[in-house]
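The structure is given below, and queries will be raised subsequently.
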Amino acid sequence: MNDAGGLLLTILLSSLLPGIAIFFLAEHRRRLRIGLNLTGAVTKLVLVGVLLLGVLRGDEYRFSLPLMPGIDLVLAADSLSLLFATLSAVLWLVTTVYAIGYLEHSPRRSRFFGFFSLCVSATVGIALSGNLITFLIFYEILTLATWPLVVHRGTPAALRAGRLYLGYTLTSGLVLFTAIVWLTLLAGAEGFTPGGYLESLAETHAVTLQVLFVLLMVGFGVKAALVPLHSWLPIAMVAPAPVSALLHAVAVVKAGAFGIVRVVNDVYGAELALELGLTTGLLVVAAITILYGSIQALRAQDLKQRLAFSTVSQVAYIVLGVALAGPLGVIGGLVHLVHQGLTKITLFFCAGNFAETLGIHKVREMDGVGRRMPWTMLAFTMGALGMIGLPPLAGFVTKWHLGLGALQVDALWVLWVLVLSGLLNAAYFLPPIIRGWLGERREPWPEPMREQIGPTRFETHWMLLVPTLLVAALSILTGLLAAVGLSPLGWVAVIVQRDYIIPGLDT
Amino acid sequence: MSGLVETLAPGLLYPTGGAILFALGLYGLIRRHHLVLRILALNIMGSGVFMVLLGIAARGEGPPDPVAQALTLTGIVVAVSATAFALALVVRLARLTGNAIILPGPPDDDAPVDDISRLEHHAHTEAPEHIEPTARSGERR
Amino acid sequence: MTLPGEAWLTSGVAGLIALSLLLAVLATVWPRQAHRIGIAGALAVNAWVLVLGAVFLNAGPEPMAAATRVALGSWEAPLGLMLHLDGLAMTLLALTAVVALATSLYSLGYVHDRIERRQFWPLWLWLWAGLNMLFVSGDAFNLYITLEVVSLTAVALVAFTGTAAAVSGAMRYLLVNLLGSLSFLMGVVLLFGEHGVLDLVLLEARAQVGPTERMAAVLMTAGLMLKAALFPVHVWLAPAHGSAPAPVSAVLSGLVVTGSFYLILRLWMGVFAPLATPAFGVLIGLLGVAALVWGSAQALRAGRLKSIVAYSTVAQFGYLLIAFPLMLVEPTAWRVVVFFAVVHALAKAAVFLAAGTLQHAAGHDRLVDLGDILRGRLRTVFALGLAGVSLMGLPFTGGFVAKYLLLEAGLGTVLAGSAIGVLWVIAIAGGGLLAAAYVLRMVAPAFHQGRIRRGEAVSAWMDWVPLGLALVAAAAGLSGTLVLYTLSLTPGAP
């Protein structure tokens, strides 16, 4: 039991310790810094793999540390934790390589990678949290660790974005803090329990539970960028591309969505949430967010802005699935946690490659980029088609399950939302694809990267290209191989079968 | 008038007198600005406290309570040391500033500073050697 | 029956006081060696406190078994002076030891001039001895004496640099302190007149509600509030703490102010407990909210680094006042308050030390011109930020745990049906946001683009000690259970 808990702690420390070491590293120790970064990332991936096998075998992992009288810091691994932890570990390794390439020759890399590692440690901590208080602790650490990354460039715009980001996240953090203290006061510091642990309070404290649910959703909704709490996200796009990628695909936005999943399924339980009429409201908010995000994405002319609004819209799919509160809907929502992560990180890497290599920032500047950077453009296309939900790509798997989930709980209007958002997705993702492949570029490309570091062997620096192609391949594979047992979909089905007590799941 | 005072038992006279002295001293401390006067006022307050204490000591029928007298003596010793220290500080202050009154706080402290816009200004200009801190607060007024 | 631990504890308390007085005397007699005496002494006192704490905790879990009363010179109360060790005193002794050790190490680098060193160390050791005595004094008059020792040495240290601003700040600080002490003394005298005893335990046993008690309570509380810079009698704090040398500021904001607050708490949990009414509690709580808002607003306006930190002390002490009405609903909340004061002291001392390093490197502490130094000294900024996170009450720091417990107590009053409790909850939660805003003002310039400069060389002590203390403040997040348990070993307290 102790050893088993030690593994969880080691996973956490595998990025924390290198992070701290990097922070105090002199700027010119480039090799050592890269070594530490990659060692941490690979170690973490291996350890998460070990954990994954252990959990598959049915081992239990738990680590706890007394924090206050009656309240412990608890790390635990259930199948849902592993979904998020694996995603984080894989994407961290990839993003680290990308970030090393991206930030080559830029100043203050020690500071950047220090906070970068702290950020990932917090994300994995969130994944492995065994109760709400532990979740809150890592959630707030994530807020703080991300701020230096958002303001990394140090421009007035970056600092303004950072202020806005902190304003939103700290305020919501306090709402969350208050709600969690309140909930703990009522129900004790219980661990996450499939099916929830508040059943006994439903009779006596129905209204309080409803209020608390709203507070919790506000607390998580800011990071998950639910409308109308999303305004910080597009502005935070001033951050360097790897940060945006991490923010959108794994860390911040996903942490919010993951919190919502935890609260609905493991604190309240889908049954109680349905009973108290809480899921309907969440469903409506998710639907509005999906449509609103898509419309804003359509209007955005800046490529990164468009991707940011796309995130607003796509992350709401996760919330939508959870709020459907039927087994298929939950499968759709949870699997999108992974699918959206892989697809969105691909798109952000591509956007970063375009911007770094050719100085492309706007959609209309993409004319003919397919001929200059075919591989990146190919990755971009696959990512975008995945987002649109073209079969058999990852997004399709999600939407298919969400649609079935909606039918399962007789929420037909959700189908219309899905169809409409699919059309909108196509409307904002097809123009860059068409321009990229079919557009004509008359004047020569500006080559900021070539001017800075000289000619590159491939279409761009290999450390930018390889991670991009890797995540693109992964995102294609998750869709193609969705039927295989260890695919994200297979794993999510295991989660739902093993852990979830959802009304209507008898099969 | 003197008849009234004689009729008062020491157990009542001294505490009442002490309380009046304490209040007078407090008034002086607040109203006066010259530091020597303020220190005097504090001493008057202290004497008030000791009078109350001695009055309490003499309240009973028998001989005065020795504990209270011992406390008073200790208190006086503390008061004398504090006064000496305070006077030394006044002398130092007077040598430094030519005045025996308290200066207002550090000058830069109370001015409202819009530091963020100024820092952004720093970010724009290439060589932010020095920006006169009072210049902008002047503009604001 | 005498427990074996009791003899240990008795000599442990008396020995601690003797040791700290001895150090002060030695440093006064041999000023040339004062810094060596000081550092050796700081280590010795820390070891002593560690052992004392272990013995104390070992004597639990019965509060009466652990708490110890020592009659000086075998003269028992009411005539003799009593030293009094309980969970509350033990906690604050330990806090003092930790902060004092950090400050001493820092001062090795900060006070390097030979002449200055000879003046600094004896004063500082007397201040420390005074604090130790303050925390274990069980006698009202003796408390007055220790308060004076602490005040006078603190004033001397504020004036230490000898500039006009410093002497002026010290003068103001002195007047306030003397007024506070006299007010306190007047209250002591009234209590003595009423009950004929000075020992706090005996006084508590005879506590009742009467006009004399009310008068004494007002005088003593007002005096101590003045010394603790509690709202609305806080205006002296920023100039005094802001102009003092950095290690002195750290001790003032971390320990001296906490000492006065400790006395208020002790009196209201003991002698004055019968006087506390809900309406009075609400009044104090409202003062706390005002302090929080006013202090934070000033910290958001202040133009100097150290002023921001000093105003932050006013704001943070607002929480301690807000806790007062909470204690009336949930008496055990006093432990939370003390824990809060402890983590605040650690974090605040760390922030002041870090600010001192930056000030030394830059030659000034005007925030607008400090950006290049902040960018050049990331380690110190990291210490500032980490301790700042604790002030904000965010994880993973002592401040978070304290804020959690405080919020829990606040929500407890709401659930107990107190409507005004909602205000306390909002203030406790919202105060963190204000703290975040002013901490950000200090840290954010480090992330701006611009020139990078390391400024004047600073000694390794000044470079590393703030970081170490900030880490201690963060690690205090793990000490919650221990501290709360120690505090529960306080006989007579709920």
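Each chain carries a letter (A, B and C) given by its place in the written order, and its residues are counted from 1.
Following the convention adopted for this analysis, a residue touches a chain if its C-beta (ideal position, glycine included) is under 8 Å from a C-beta of that chain, and two chains touch if they have at least 3 such contacts.
None of the values given here were measured: they were computed from a predicted structure.
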With contacts counted as defined, which of the two, B-C or A-C, has more C-beta pairs across the interface?
B-C
Would you mind checking which chain's C-alpha centre is most distant from the centre of chain A?
B
Go ahead and note the Å separation of the Cα centroids belonging to chain A and chain B.
60
With chain centres taken as the means of their Cα atoms, state the distance from chain B to chain C in Å.
22
Distance from the mean Cα position of chain C to that of chain A, given in whole angstrom
43
By residue number and range, which residues of chain C touch two or more other chains?
444, 448-450
For chain B, residues that touch 2 or more chains besides their own
116, 123
Where in chain A do residues touch two or more of the other chains?
154-155, 159
As the complex stands, chain C meets chain B at residues 79, 141, 144-145, 148, 152, 155-156, 159, 162-165, 167-172, 174-175, 178-179, 182, 185-186, 189-190, 192-193, 196, 238-239, 242-243, 301-304, 307, 366-369, 371-372, 441, 444-445, 448-451
Tell me, which parts of chain C touch chain A in their complex?
378-379, 382, 389, 392, 394-396, 400-401, 403-405, 407-408, 411-412, 415, 425, 429-430, 432-433, 436, 440, 444, 447-450, 477-478, 480-481, 484-485
For chain B, which residues count as touching chain C in their complex?
15, 22, 26, 29, 35, 38, 42, 45-46, 48-49, 52-53, 56, 59, 65, 67-68, 71, 74-75, 78, 81-82, 85-86, 89-90, 92-93, 96-97, 102-103, 105-106, 108-109, 111-113, 115-116, 118-119, 122-123, 127-128, 130-131, 133
Contacts from chain A onto chain C in the complex sit at residues 23-24, 65-69, 71, 111, 133, 136-138, 140-141, 143-144, 148, 151-155, 159, 162-163, 166, 170-171, 173-174, 177-178, 181-182, 184-185
